[in-house]
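Everything below concerns the one structure shown next.
Every chain is named by a letter (A, B, C and D) in the order it is written, and numbering of its residues begins at 1.
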Amino acid sequence: MSMVKFEKIKRPEKIGLPFMLDFYPLQDEKYTRTSQFFKNLKEGHLTTTKCKKCGELLWPPRVICSNCHSEKLEWFDLGTEGELYAFTEIRLGAPIGFVEDVPFCIGIVRIGGLLISARIDGAKYEDLKIGDKVNLKIVELPDSRVFYRFSRNKEQKLPIP
Amino acid sequence: MSMVKFEKIKRPEKIGLPFMLDFYPLQDEKYTRTSQFFKNLKEGHLTTTKCKKCGELLWPPRVICSNCHSEKLEWFDLGTEGELYAFTEIRLGAPIGFVEDVPFCIGIVRIGGLLISARIDGAKYEDLKIGDKVNLKIVELPDSRVFYRFSRNKEQKLPIP
Amino acid sequence: MRQVAIVAGGEAKAGRRAASWRDLVQEAGKALFEDVDNLSPKDVDSIFVGAAQPERFAFLSYVAPLVAEHIGVTPRKVIARTELACVSGQAAIRYAWNCVATGMSDIAVAIGVEKMYQPDMAEAQTTMTCVLDREWDGVNCFSAPPIFAVTAQRHMYEFGTTKEQMALVSVKNHHYSSLNPIAHLQKEVTVEAVLKSPMVAPPLNLFDCCPMTDGSAGVILVPAEEAKKYTDTPMYLIGSGQYAVGNVINNLANLAEWAPLKLAAKEAYRTAKITKDDVDIAEVHDCFTISEIMEYEGLGFCETGKGGKFIEDGKPYIGGKVAVNPSGGIMGCGHPLGATSIYHTFEILKQFRGDVDMGRYVKGAEIGIQHSLSGAANQHSILVCSRELR
Amino acid sequence: MRQVAIVAGGEAKAGRRAASWRDLVQEAGKALFEDVDNLSPKDVDSIFVGAAQPERFAFLSYVAPLVAEHIGVTPRKVIARTELACVSGQAAIRYAWNCVATGMSDIAVAIGVEKMYQPDMAEAQTTMTCVLDREWDGVNCFSAPPIFAVTAQRHMYEFGTTKEQMALVSVKNHHYSSLNPIAHLQKEVTVEAVLKSPMVAPPLNLFDCCPMTDGSAGVILVPAEEAKKYTDTPMYLIGSGQYAVGNVINNLANLAEWAPLKLAAKEAYRTAKITKDDVDIAEVHDCFTISEIMEYEGLGFCETGKGGKFIEDGKPYIGGKVAVNPSGGIMGCGHPLGATSIYHTFEILKQFRGDVDMGRYVKGAEIGIQHSLSGAANQHSILVCSRELR
């Protein structure tokens, strides 16, 4: 036993949030052919791809129409007002990066003919009901990525500072 | 566009090394039925399980013999001296947690009838050859976990401070 | 093409286990071969491993050879892991079945494993969230409880299903699991206790949700004509159905009605040459109470929207119209993702053998179905098992 | 039991792509259906997805339904993902084959995808390291280059194989890939350039190693008797072999001789009713130069230990004893893990059709094998493809 050498080793204690725990999509054109979606979002437009050939509205955005395999797609503006199709509130079990936000509402919003999941800001669960109008809202991450949320109209109607 | 609210959100910049990037095994009996292996290691013994029924030496340690399915296993001391069966040196492409150590040698050591992979300390690639004797060495992590390595005899023979 | 039988099963105790994934696999492997005569690991030529996310839950990929190695099998015909989230285990059985049917394999093990407890449960929750489209739905925290919460909300909204009806599923399944020694949860609950348990994601309380569970279970498949060499009580695979629509929330068929389940059931009954009325035991995917209610509907046991009344009327109990989850289901036994379908398939074999506590025994059962769903309930898989070769 | 044919293939350009995994899948899907007459995504009843580690490389699990959704397929018979590390794609084809053979599926897509480039390459390297037993070998940084480095070291030690012989593999495969428009690397290399390239893990230089690659490729399988409805030039699956020993380093058969490969090859030739001498094209797993050398040996093209001399003597070139990796192999085309075997299977179909650059065309080929290995080369899988139904 005295023959065996023991050595203390060190390791980095903290690391940046790794890719495999970072929910927000990579938005740079180095990583995705649909980076235009995020450019549009930065300008306040929630868009998706629509097939010019067969007319299919595709969500999430595509590079090829999954209905007819055409590459002729165009960006379609979904507008800024949606309607709550369903919702809940995260009270237990949030993933890393969202634990600090608990409780918060999430829901499925009917907008522009689609059903899109999203955070619903500006309301508690008890304040919401199916059919409520909600408005597009855009959040900016510290690293300059963006993502969409919705907020209940009440919040939305306040003047933006 | 003026209707759309923009909001900056924050996220934690650094997190502890998550489980899914932490190579060293969980050693507590809350997580493994072979925690005895690590207790033995803390006392300077590299051990594994041996089947009392069929005599099979099992690596890595088991709770059930994979040869005869007996649960009657005993801890077998592999000794402290091994022989290099093969080796290389990590010069490019080390994983997270080991990047700082580059370059370092790793190898396959013949010990106690087994072939065990391990870090080989105390030598550069050019210093080593197949058949070299290497000695058991135990490293202690900041969180009190332990793991085994081997080192070339030369290093081993130095008095331990 | 050969017909195929399951001749043995084995399982580790399910639960929050002080054990690693490889400990669990060894326990299931030992139990599996103790359950069969004249057959050792060395006779097995193929292994089909069901595992959902070992890459994250266990920081380990390529688990199939490690599983083989730990239970003493040397695959010389077929080996791979199958992943279909919560249905990974049934997918493994399905492929084993096909490979034995074609003759590519003669003796196959299908074994599932999942180790879900890890030091940081927020990390495990993160992992659960990448089962939905991580970039478009997972990012909004739609993991299992929230997607089934909105499903329940829509079912309540469209059909008037009540929280009390949902709670009855939890009460029933905890009752049966209290009689099942391998179950994760072995305590009965009351409707009141369900309704008073902490709210996870409204309208789902904690006892509307299955627990996080560690576990492993396996079965052995052989050609039907060989089955009696190994056991007096084999179980035959006689049909199956599977159907999937898109998993992105926008592309789901409907939240309140599971069309893919209806189509999978239709195909399962067609291929097995049975009707819904022939089903004696249904081991179904009760990951949440609302799921089982919608499965009564989707499997044709009652009309769409009437699932709540179906349990209120006592129909899915042993002695009722059809025994649903006499094992205790996922709600009571737990949900070690890659192993769940295999635990439930083995349950049907144990029922056929009469090898269960009499308080949860379905006497005289001839046909059992094992149903699993995955993702946002966009995909449904059904196996039809028969006590007799048909 | 039905015989099975591959009637079409499609692939995304392999490389360091400015594209997400879902972009790649869409590209492969479009190419796949453009390669076949009278068949649209809506005709496909089953999808078999090969993917190795999307949970980590793409932070996404349960990719099978997403792949289906993105290429326009609604699976109504069979769907799952298969994972067997670098062999995930061939495992997908194997299951598709069995399911079409039994009749569970009539028209199946097997499609593989892997997106390997991500913002932090050290994170990707970490992910590569959990393919070996993470807790006992991965922890020591035994990922792909080091395990093949020690393999090369032992092969050199036991048989006198030289670095120059290994470099010839890289030279050959880069030459063929320079003629392959979908290949990741399209520049030729010299022996000198290989030997002077940066040392990754001695004795392996950078050009002894395949690159990290993004890619996706698919094939369509139908019953042999239906094949001519879709194409004049189908390719038939006529045999296969697979063999695995333990993946923990201690439990490998031997570093310098791949016994599992020999056993898999024997089974593949037996089931296909051919001998090694019938093989015209061998698309083999040249993840490292040493791998291809050991595959000459394991596949029976030369004696054990003589692989180095085999290439020195010009035998594995087009016009030699057997055309090995006329696609450019993994070395030249790249290695998007879950898609690799499918790229190579499609290559054999293109060769049979004569649909490749004449500089890498194997004229008159009748039999092609697709070999893939995984982990610490503990597992080997071989598919035997024939231009004619046999």
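Here is the rule we go by: a residue touches a chain if its C-beta (ideal position, glycine included) is under 8 Å from a C-beta of that chain, and two chains touch if they have at least 3 such contacts.
Keep in mind that what you see is a predicted model, and the values were worked out from it rather than measured.
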| remark: Neighbour overlap between chain A and chain C returns B, D
| query | In whole angstrom, how far does the Cα centroid of chain B sit from the Cα centroid of chain C? | reply | 36
| remark: Distance between the CA centroids of chain A and chain B (whole Å) is 40
| field | Chain centre separation in whole Å, for chain D relative to chain C (CA means) | value | 33
| remark: Listed in rising order, chain C residues that touch 2 or more other chains are 55-56, 59, 69, 120, 123, 127, 133-135, 138, 248, 251
| query | Counting only residues that touch at least 2 other chains, which ones in chain A make the list? | reply | 18, 20-21, 23, 60, 96-97
| task | Have a look at which chains touch which and call the overall pattern line, ring, star, complete or other. | result | complete
| message | List the residues on chain C that touch chain A in their complex, please. | response | 56, 120, 122-123, 125-126, 128-129, 133-143, 145-146, 149-151, 153-154, 157, 198-204, 206, 248-252, 255
| Quick one: in the complex, what on chain B touches chain A? | 1-18, 20-21, 43-45, 80, 96-97, 100, 135-142, 151, 155-156, 160
| request: Could you please specify the touching residues of chain C with respect to chain D in the complex? | output: 1, 52-53, 55-56, 58-62, 64-66, 68-69, 74-85, 87-88, 91, 94-95, 98-99, 101-104, 127, 130-135, 138, 240, 242-248, 251, 263, 267, 374-375, 378-379
| Residues of chain B touching chain D in their complex? | 20-21, 23-25, 59-60, 85-99, 104, 106-108, 114-119, 125, 130, 147
| If you look only at chain D, which of its residues touch chain A in the complex? | 18-20, 22-23, 26-27, 29-30, 33-34, 41, 55-56, 59, 69-72, 117-120, 123, 127
